[in-house]
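In what follows, a structure is listed as structure tokens, so that the remarks can point back to it.
Residue numbering begins at 1 within each chain, and the chains themselves are lettered A, B and C in the order written.
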Amino acid sequence: MRKRSFLCVALTTVFLFCLTACSGSVQNVDTAKVSESAQPETAKDSGSDEYIVLKLYTHYDSGDTNKRVEYCTEKVQEKYPNVSFEIDPYQQDGGQSIKARAATGDLPDILFLNDGSILPLAKSGSILTLDDYIEKNDYTSGLSQSAIDNCLYSSDGHIYQFPVNGVQPYLWYYNKDLFDQYNVKVPENFDELLTAIQTFRDNDIIPMALFAKEPWVSGTFFDAFAMKEAPGGLKALSEGTAKASDEGYKKAIHKMKQAIDAGIFQQGVTNADFDTAFALFSSGKAAMFQNGGWCITDINKQMDDNVDYFDSYPTNDADYTDNNGCFAGGGNAEGYGVAANTADPELAMDVAALFAKAQAEYDYVKNGLVNAPFNTENLIPEVELPDMSKKMGKQLSEMKFTSKNVEMISNREFGTAFPEELQKFIVGESEEDFIKAVDALVEKAGGQ
Amino acid sequence: MKKLFIFRRKKNYFTIVLLILFSVISIYPLLYLLFYSLKTNDEIFYTNPFGIPLAPQFDNYRRAVQLFDIVGFFKNSMVITLFSVMAILILALPFSYAISRMHWKLKNTVSFYLSLGLFIPIQVIIVPLSILVKNMHISNTYLALIIPYIAFNLAFACMVLSSSFSSLPQELEESAFIDGSGVFRTFLEIMIPLVKPAISTAIIFATMSIWNEYTLASILATDQKLKTLPVGLTSFVGEHSTDWGAMGACLVIASIPTVILYLCCSEQVEKALTVSGAVKG
Amino acid sequence: MNKMLGNKKAIAAFTLPVLFVFSLIVFFPIIQTIQKSFYDWDGLTKPIFSGFKNYAELLRDPLFYQASKNGVLFAIVLVIFQIGISTLLALALMNPAIPFRRFFRNAYFIPAVLSVTVACQLFSSIYNPEFGMINKLFETFGLDWQQDWLSDTRCSLLAVAFVSVWHGMGYQFSIIFAGLKSVPDQYQEAAMIDGANRFQINTKVLIPLIKDTYRICLIMAITGGINAYSYMQILTKGGPGTSSHTLTYMTFRSAFTIGEYGYGCAVAAMLILQCLTATFLINKFMRSESITY
């Protein structure tokens, strides 16, 4: 007994010692690095000499985002050298912690908002409206028109955030090598898509890897079919201006059913998260993959130039190409907003604006993400733009975005229940039941 | 002689196989965790999810420790857990004794009242609770987590302790009172030592529950310097994908204290059980 | 002795601190939640009184019935498998002829030490329909039947429940084992002398003597099943569709995802009601006179 407890205590001590020794030399990397650049070089026009620490809620993890945050911090400190940030990493918890903190008035000064979470916060006055600031500082002159139209205003007509992303489509990527290997024609309509699915299945390749665990993914899949017949897509359903039993939607749903029955997805699709699905695609086990345009750089890193995306979703009838310019996705009012409980609103707004701009710059210059909301003529990307990026860049202005990401729709009841119905449909529910369920949902919640 | 009679049982091979099977089912996951903290994302999901890592990525550990203030998270978790568990014991022991051994009318009602704490899921009361914490002016301090943790874990600790107290014979108190000791002394010097196994159980369970707790910690302790380990872990969930290997490394680091504590405490339980058996016999 | 044990001052001193902390932190917010269930509220703006509207809607909502049913199912699985298997293991380990008992005891508790995230991560891989352990095992035995465990509306809940069974088994096992160990030997000896065999000793002597222990285990298992949340949150996100929703998940969904906080509070109130009923019934049927040794 004595020997044992001695062992326990010894183990614990050794362990703690190692841990301290390990990280002691590195110190708190994030706060150290950020605060060492807060030494003022010259007093700029910030109006005060004390150090100001702002709480910043943003993506910050062991990937690329911490470098991005450093870059943006430096840019902010060019104008405000006495400002530094205390970083609060973004949490994927359905907005629970932000909502709870809003209820207690303890929001971070500057926070990353996405479209779905803005309205309740705005309604309760927890975040500030930025309309005046935007007008006073002529912020919109630097934005592209599509960003102004799609990424700036929330559905109540006000501005609550400085955008970091411009409009971008959700694309269906495909593995060129696999298509070549099995002699599959790159499909341009639904019949050809069905043939492709069949061929891949015959050869034990998963036609499309999808991570339907996340609600927006199945919503996008739905839109890819629906928009060919009814451009309003799921957005129109959420607004109550259309029903699933309408002619166009019925047709699209029928096609979806055919694709699902033909085995388009991997098994366990509603349980697959991004990493799983992407691993299937990048390792050549799946021929197609659906994701946003932001993914181009990552795909390129893993698969070089072997990937391209369909110029339009191959979900239309062969002789009907009217709506081929319609793409799922588009613009979302997401970016950095300012909390109402911040000490110095003017300063916080200016800092948020600078930060947002810097982040968009970083994404464009370092990662080649061509969908920046700002005019990018003066910026030169440091990476070689993949072919797909160049293609998307050119195509962006012709794309029509008439629906929306289902998680960003302001009608939260529809936005939550519709992907749930879709999941059921994907795992085998019948067309009639699905249409009935969606109609009932539109009846109950449409137009809110 | 008597003892030999009851304890001379044959080895039942089927039982042994069953026991081994279950211990494999129980231990393999720890191995799985260790392995996955040394694999790349691809290996974890796809190429080699169950086997030994092909090329151990010690880099995962380096990233885990360097990128975030793991030591700080660790320290916070330790402080909070330690103080909470101590406070739970100090509060729960007298309460359980009163519930199980003392005579008063509202005993059963109060005990039932407390059992509310057993099954309230935190999501249900998180918003009123955070407003309460703010009104008590303890937001963003250690107390903001310690006090709720105490409250939530009291119910279970009390249940285990009172059950243990109930099973002690009445004669103990009778003889103590006859010898002239008062209620407090009886309680402190006689009753408490007799429920050591239950105390160990309560310590272990409360520690596990508090150490691994995520929801409350993520909402009530938002200052970087107060974050606990489970909250720190989510830092590895990135914007688009997750660094599972580093998260695994972090989970290993987080699990080690609980394993050590369990191994130490279970020793106590074993010893105390045999001792008290002799006393009662 | 009654005077000593009825000492009002002592009783107050012993119980008031706990009651105070508990009422403030747990009970008070629960009351607030129940109160808010009578309002139309999005969690942030001003609440509007709406009487029983939330409850009326709740009783009409098919999701409520599905979530309740799932909770009960989950609880049943936990009771049968967690308590059942723990009992078998604990009884088996009582036999001193078995080698390495200390090792087995510690081993069975290990799953409980791991956090929910790890358990779910592991089982996510095990359940994977294409590369998962279970389906691979079926293959090696020549069975053609492959099941999509987590993506099938019929069995997703059960699959999640078994993860919880595995994870929590350590707790139940250690409680039951500690209970069995604290039964003095003379009872077993007496039974043996009377000619009982092992099975009879186990079922007629040992198990009834630790009734109180089982009471605790039952309460833990049943209420744990009804308000399960984190397992399905990580494994299936309540899916596919809503087939693995429980009441807690529904509360979260209403309150935070959809923004109907008042409705969420009504769900929470029903959840509390179900758990209270279960606890009450268990206590009623199992709390006989205290068993002392």
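Things to note:
In the analysis below, a contact is a pair of C-beta atoms (placed from the backbone, for glycine too) under 8 Å apart; a residue touches a chain by one contact, two chains touch by 3 or more.
For reference, the UniProt names are A = Extracellular solute-binding protein; C = Sugar ABC transporter permease.
Because the structure is predicted, anything quoted here is derived from the model rather than measured.
Farthest from chain B in terms of Cα centroid separation is A.
The two chains most heavily joined by C-beta contacts are B-C.
The distance from the centre of chain A to the centre of chain C, each centre being the mean of the chain's C-alpha atoms, comes to 36 Å.
Chain B and chain C, compared by their mean Cα positions, are separated by 16 Å. Each of the following residues of chain A touches two or more other chains: 96, 99, 103. Of all residues in chain C, those that touch two or more other chains are 43, 128, 252.
Among the residues of chain B, those in touch with two or more other chains are 45-46, 123, 127, 244, 263.
Of all the residues in chain B, the ones that touch chain C in their complex are 2-3, 5-12, 15-16, 18-19, 22-23, 25-27, 29-30, 32-33, 36, 44-46, 49-50, 91-92, 94-95, 97-104, 110, 112-121, 123-125, 127-129, 132, 147-148, 150-152, 154-156, 158-160, 163, 166-170, 173-174, 177, 182-184, 186, 197-198, 201, 204-205, 208, 212, 230, 233, 244, 251, 254-255, 258-259, 262-263, 266, 269-270, 273, 276-277, 280-281. Residues of chain C touching chain B in their complex: 1-2, 4-8, 10-11, 13-15, 17-19, 21-22, 24-30, 32-33, 36, 43, 85, 88-89, 92-93, 95-98, 102-119, 121-122, 125, 128, 131, 133, 166, 169-171, 174-175, 178, 181-182, 184-186, 188-189, 192, 198, 212-213, 215-216, 219-220, 223-224, 226-227, 229, 248, 251-252, 255, 261, 265, 268, 271-272, 275-276, 279-280, 283, 290-293.
By the touch rule above, chain C contacts chain A in their complex via residues 42-45, 124, 127-130, 146, 148-153, 235-243, 252-253, 256-260.
Of all residues in chain B, those touching chain A in their complex are 41-42, 45-47, 63, 65-72, 74, 123, 126-127, 130-131, 133-134, 139, 215, 218-219, 222-224, 234-244, 246, 253, 256-257, 260, 263-264, 267, 271.
On chain A, the positions that touch chain C within their shared complex are 94-96, 99, 102-103, 120-121, 123-124, 126, 213, 266-271, 412-413, 416, 420-421, 423-424, 426-429.
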